[in-house]
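First the structure, which I've put down as structure tokens, then a few questions once you've had a look.
Think of it as A, B, C and D in the order they're written, each chain with its own count starting at 1.
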Amino acid sequence: METGILTRIGYALVSLFVITNYGLLLIGSMARISAKVQGRVGQPVWQPYIDIVKSTAKRNSIGHGIMFYLGPVFRLAGGVGTYMFIPAVYGSVLFRNFSDSGDLLLVMYFIFFGQLGMALGASEGGHPYSAIGVSRGLSQMTAFEVPFALSVIAVAIQYRTLDITAIVAAQQGGFWNWTVATNPLAVVAALIAFLGMSMHNPFSIVIAPQEIPIGPPTEYQSNLLGMLQTNRAIFNGAKLVLYMNLYFGGATDIVTMVVKTFLIYFINVFVGQAFPRFRVDQSIRFFLGVPTLIGIASVIIAAI
Amino acid sequence: MSLLEFVSRINPVAASGAVLVLVGVWGVLARPNLFKIAIATSVMETGVNLVILSTGYIRGRTAPILDSAVAGTATDAAGAAARMTDPVPQALVLTAIVIGLAVTALQLSYAVRLRAAGGGSSIESYGDEKW
Amino acid sequence: MMRRVLVFLAVAGLAWALLPLALGSGVPEAPGALATAYLTDAPADFGAANIVTAIVVSYRGFDTLGEVAVLFAATAGVGALLTRKRLGLGDAEPEAKPAATEILVTATGLLTGLLVMFGVYIFLHGHLTPGGGFQGGVVIATALLLGLLARPESHLSHGILAAVESLSGAAYVGMGLLGAFLAWGFLDPRALPLGRIGSLVSAGSIPVIYSLIGLKVGAELSGILDALKGDRE
Amino acid sequence: MVNPLWLFALSLGAAFLLPLVDRLGRRIALVLVHGVTAAWLAAGLSWLAVLLSGGEAAEFGTAGFRAPLAIVLRVGLAEAAGVTAIALTGLLAAFSLTRSLREAPLGGAMALLMALMGLSGIVLTRDLFNLFVFLEISAIGTYGLLGFDDRKPALRSAFKYMIAGGLASSLYLIGVIYVYRLADTLNLDIAAAGTALSGPAGTAAVFFLLAALLVELKPFPANGWAVDAYETAHPGISAILSGASATALLLALWKILPLLGPAHLSLVAGSGLATFAAGNLVGARQDRPLRMLGYSSVAQVGLVAAVAALARLGGLGDGGADFAAAVAGGLLLNHLLAKTGLFLLAGAVEDDDARGRLAPLSLAAAGVLSAALVGLPPFPGFWAKWRLVRALADSGLWWILAIVLGGSLLEAFYVFRWLGLRAKGEAGEAPVRLGIRSAGPVLAALLLAAAGALAGIRGPVPDLLLWAPWAAAAILFLLDGTPGWLKGLLSVAAAAAFGAAAWDRLDGFRQFFAVMLLGGGALFSIAALRKGGPRRGLHPLLAAATLALGAILVARTPLEFFFAWETMTAASWLLVLRGRGGEKPALSYIVFGLGGAFLLMAGLAAGGWDGGIAAAGWPGLLVLVGLLVKAGALGVHVWLPGSYAESDDESSGFLSSALSKAPIFALFALALSLGAALPGGPWTSRALGWLGLATALGGALYAVYQEDIKRTLAYSSLGQIGYILLAFAAMDQAGWTTSLYLALNHFLYKSMLFLAVAGVIQRTGTRNMYEMGGLIKKMPVSFLSVLMAIIALSGVPPLSGFGGKWLLYSTLIGKGWYLETAVAFFASAVAFLYLYRLIHSIFLGQPKPSQANVREAPVALVLPQLVLMAVLMAVSVFPRLMLDPILALVGDRFPAAFVFEGTRLRSALGYWDGTLTMIVTGGVFALCLVWMLANLHNPQSVKQFNIVFAAERPLRPETTHYAWRFFEPYRKALGFLTRERAERFWDAFGTGAASVGGALRRLYTGNGQTYALHVVLYVAVLYLLLGVL
């Protein structure tokens, strides 16, 4: 029985609210963990909230043109949209979101929506660092996309479906049904790709030109920056949920989801602390090397 | 076929004509002087003419002219015919000779013209158009 | 060296190709059917004693017309090539050529008339005796050549030569057409009465044609000599 | 019938009297010469009229006797045609010679008369010795003509020519006398009827005859003397040599064919083919036009001789003599007219030593003549070549087929290279006006067109719709002086009328493609109105290409298809050539286009395409490969980027978005004609899949590094075609649906991109992206168009492009092509790189001060873009608009993989709801927008250059527009994938062919004696081969 459309929108807003807060806290806590690892005190866990509020409250907002204003809108819509197309919690009507719009392929491609819009908006700012950052980001993206795609293919082969809900369903029934257990190579490939995707060390060259704000948006400030910061939380959350669904058995309740995604993200940060930064060409060659071979191996295993 | 048999089958006129042809061809191919080439061509044609004549040659017969040499009376056409050689090659060779003459004349004119333009008499100096 | 080898190979190859024909075909015992037909029919058809002439001027008269055309074309070509202007002589007086020897001069004086007469004889009797228009024409040209050799500074009258050449050639074509209209085909000599075989006035238009050819050939060859000498305007 | 003897009498009488007539004035003499030639022409035409209306061939004896006693002339169809051709060529040449003849001594005019009469005599006579006489008349006439106007080089050549001629005539005499001796006749028919020539001596005798004629036909390698003459003589003389003389000699060869045994015929065929191949190889190395035409001449003559011999050998064709007459005759007619025209035209240009571009009329003539020479439709050579190829394929003579097609391709290369040069001219040179001298070439071109059209319409292609492209081109060329808008509207009307006329004849598939092909043509005809003025040449060619695309859809038989295909190739090639830097790209476009077309031709000719069974093997594969060349699959794509980049901007768009669908359509048609399967079975499908994938990836990677917008788009097209091929190769419902969906989508967004880019280039005057920047404020509509297009192209939801990606991956994973899927992912990701760069470098970033006055693109460009945007939006919101028809088209040929449930499309693996995606995206976007607006406090617009830049302010905006070598790190990492291997391969291939040609042409030393040596050696070798055979 179909839920009424208004109800669905209401559920989606709730789901969105949850993931936003979770994402912000996640970022805050990870920053703190990093600081501890480096022997610093670090920021408070709620620092992201402070940042967003501060940005949004700025009295002036500098703009370079329509696309410049639309960039963060695209970006945030991309993040929110990505999340909206993923069923966050298996079996939950509340967290089902709008996952009936499309399958895994839709999610994979919708990830680009925000990035593309952001890149365009930042470009209109006229700052060369924006363009440089985008060029690096895109270059790197093409490379990590390969192991990720291979790993997704392996998953699709394994479960004979691209429907995320169905993939999660197939992993129910204990750890040994998770993809990480049934096809660990696929998970390894995907996790390496995830490092690139989240632009942490050693693949942080993308944000190197300006270091302080993330990604290309050197020129952004005020409310616009606030939106970007918000998106960062949502988008991160969405990607983590996606990984969880694909490789770690999904979640049947919100607590499981929080624990699993936290741990997945932790891997990321952990690696980031341990390795220095690659140049773009190095990271491209890296992703197209061993991770790709692992991915291919995972596809072969799944196909056999 | 024994050698003797082979030699007996040789048509002497044809053979000498063939030799002349080969001499002429050698001249055309090996003598660079324009005038010599023209003359060698002429020699070759003469050889060819001999070869043509040779095919009409029949041992023991005479020229195909209806006169006292072949016929007592003009009415003895059949008898006269039996005493004459083949007239066709002779008729043909006449044409061939004149044509050969015309070609030689023209070729020599070209040689004269080329030399008058100061290019020398050797064909090797006329190779600007190539490749 | 390479070239010599190739020339040798080429000549040898040609010799090899000629072998079965020139050496291997032997001497025939009797003329073939076509030749026999000519030998037996020609006297009756055209009243020409010289069967070769009958063939040349009538049966294969078209060849002969062509041959005249060849010579004509060659003369035209020579004439176009070797003008004084193109030879670079321009209007300059020809350099003095060494005078001919007395023997040549004297002999020329004696022989010219005889040679011309002989030439005319040859082409007039072409249908009776060996010879014909070409041979006669060549003999006439020889006479003119002797004249040029004996008197290097002399000129042939180009206009007269051209007129003779043109008119005799056109007349030849006219005789051919006459054959077509009065007899059975183009170049048929039976347009004129055949006469009695063996006499001077016989064989229809053959002697006329041969005379025209003789004049034309004589004029053309003289023209060629003239041109080679470098006297053409 | 007129007795030919009168004409001989006329010629000779006129010639003999010419010196006297000349006294009256040279003008009168020349009138006489022309009059006599015209009389020959009239006689030839009257014979043709009689014979074609059912008259019998007639023989004319001389001297009141018939064969064997006397010489006989014969007037049959071949003879009548030959005499007509000779007289026509003679007349054309004579007009071009008029001035020279007036200035030179009279000998020239006399020689001309004699030469032409001799050639006609060669054609008419049935007597072997008489043939010799006429050979000599024409030879001496030719010798005279070569030198008549006193060109120094021609004098040299003439001497060489004479040496070879002397050798040939000696050979002929030896042959003729022994034929007489053995066969006891000189009459051809009687000799051929008997058996006396079949023995060894007879064989040798006939060999000599044949060798002489072959030498006269200028065989490789014994043809240096002739080529020298072609190069140096007065162009009119070269035209006679190449056109009339070749005709006469070929007819002489034709005449003695009955005397020849199988061994002789094999020699002729072999020698002819070798000449064809070698002539074209050497010709390709030529930069002197007349010498090039000379090599082309000997090559063509060799081909005709080979065809005649092969047909006689019994190895070719259906009806023996009929076939040979049609094919050899067609080729000969084609060669004759084309070469005559080209020699006159090129010669006139060379005589003027002109380096500029040709004036329009002469250029059109040159184009027609070149196209005819190469055998493009609708000229006679095209029909002949088709029949020839068909017969060769039927007989299984593949190697000969390869030689014929390969040689033709080489010929196309050098002839079109010359044409390109003449069409463009050297920079800064004034246009070349030939005035009255272009009359001959124009007439030859008109005759060719008329003959070809007649042969086609009354022959194998009676369907007038297929001729519509030519008609449209002709009409619009006539109206070329009128304003562009008129021609543009006419073009659109033509496309619409064609569509209306053809619609009912098209099945669903064809209707689907008709929308793209005809619609695309009309679209870009409108776009062409963006600039004022007549825009000469653009509209006719665009209309012709559009209608040719339509004709491809309408075609029913293989020949009709190929006819339309070549029409399309030719028209589009000229479009490329019209572009500013189009000379070189056009050359590679046409060479590859024709290469593909020739493969197609071989395949079409070989297969039984009505049953479909015989075609499933090699023929089908040949067609497949031919189509892939045209589609620009990786490896044979080298023609594509340059052509798209250098042609006019609307032409590029047309080529990329519409015309590139033609090979796709043909692929579908191919598969459908084989019962929805590929030739060669599953392996072909797999290989095609990988090839498509490689093309997709290669296209994307190459596009990343381009600085030129149009090159970027060109490579992008390449990549998109790759996906279409990949999906097509899957050979199931999913794959075909995907393929068609991608094709239509590509049409939409690539049209938008090219239209937008055309506007940008028009306004900025550059194609280099790094010279632009910040145009978003000046050209907002174009920006929006590009934005939507790149979103669609990259496959980002919610626009329709994502549908393509979803369909593709679903297909591939469903098919089990996993690695292919991964590579496709990679290729799609790479596309982001160039797409971002495209929009960033042009529209975003720092504007250039020099482009401060740039305005929005003209209405003619903006309007179509708006329409396309609306369509794109509609099909994005309602994917069923596009997918329902496509699914219906693919139908139940395969098991269904995709099924619609409401707005949701379901595959075996997953689902996609385009409408819902759009709604969700729209909703989320609106939410974010509202959020942004609600929290936007006191927005202030700052000047573009107001940026914070690492604690300092850069001085000039130019230096801060990051655009040049945008993805340099990417090149550092993955540049090894894009080292232009294909270009290098084809370069090496070209170099190889060129060095073979270079080695061969070393034979042509320029030394007349060496040429003579070649002749004798050629004869000797031929004789030895005869012994072997």
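Here is the rule we use: a contact is a pair of C-beta atoms (placed from the backbone, for glycine too) under 8 Å apart; a residue touches a chain by one contact, two chains touch by 3 or more.
Worth saying up front: this structure is predicted, and the values here are computed from it rather than measured.
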Which of B-D and A-D has more C-beta pairs touching across its chains: A-D
Reference subunit C; chain at largest CA-centroid distance: A
Centroid distance [mean C-alpha coordinates] between subunit B and subunit A, Å: 100
Inter-centroid spacing, subunit D versus subunit C (mean Cα positions, whole Å): 54
Sequence positions of subunit D contacting 2 or more other chains: 129, 133, 136, 140, 143-144, 147, 155, 174, 178, 181, 186, 1013, 1016
Numbers and ranges of subunit A residues touching at least 2 other chains: none
Shared-contact residues (touching 2 or more other chains) in subunit C: 7, 10-11, 14, 18, 21, 24-25, 28, 32, 34-35, 38, 60, 63, 66-67, 70, 73-74, 77-78, 81, 86
Every chain pair meeting the contact rule: A-D, B-C, B-D, C-D
Touching residues (chain side subunit A, partner subunit D) in the complex: 9, 56, 58-67, 69-70, 72-74, 76-77, 80-81, 84-85, 98, 100-106, 109-110, 112-113, 116, 119-120, 123-129, 131-132, 134-136, 138-139, 141-143, 145-146, 149-150, 153, 156-157, 160-163, 218-219, 222-224, 226-227, 279-282, 284-285, 288, 295-296, 299, 303
Contact set on subunit C toward subunit B in their complex: 4, 7, 10-11, 14-15, 18, 21-32, 34-36, 38-40, 42-44, 49-52, 55-56, 60, 63-64, 66-67, 70-71, 73-75, 77-78, 81-82, 86-88, 128-130, 132, 134, 197-198, 217, 224, 227-228
Footprint of subunit D on subunit B - complex, ascending: 21, 24-25, 28-30, 32, 34, 37, 41, 44-45, 48-49, 51-52, 55, 88-89, 92, 95-96, 99, 102-103, 106-107, 110-111, 113-114, 117, 119, 123-124, 126-131
Subunit C residues within the subunit D interface of the complex: 3, 6-7, 9-14, 16-18, 20-21, 24-25, 28, 32-35, 37-38, 41, 58-63, 65-70, 72-74, 76-81, 83, 86, 162-163, 165-167, 169-170, 172-174, 176-177, 179-180, 183-190
Touch list for subunit B against partner subunit C, complex: 9-11, 14-15, 17-18, 21-22, 25-26, 29-30, 51, 54-59, 63-67, 74, 77-78, 80-81, 84-88, 90-92, 94-95, 97-99, 101-103, 105-106, 108-110, 112-113, 116-117
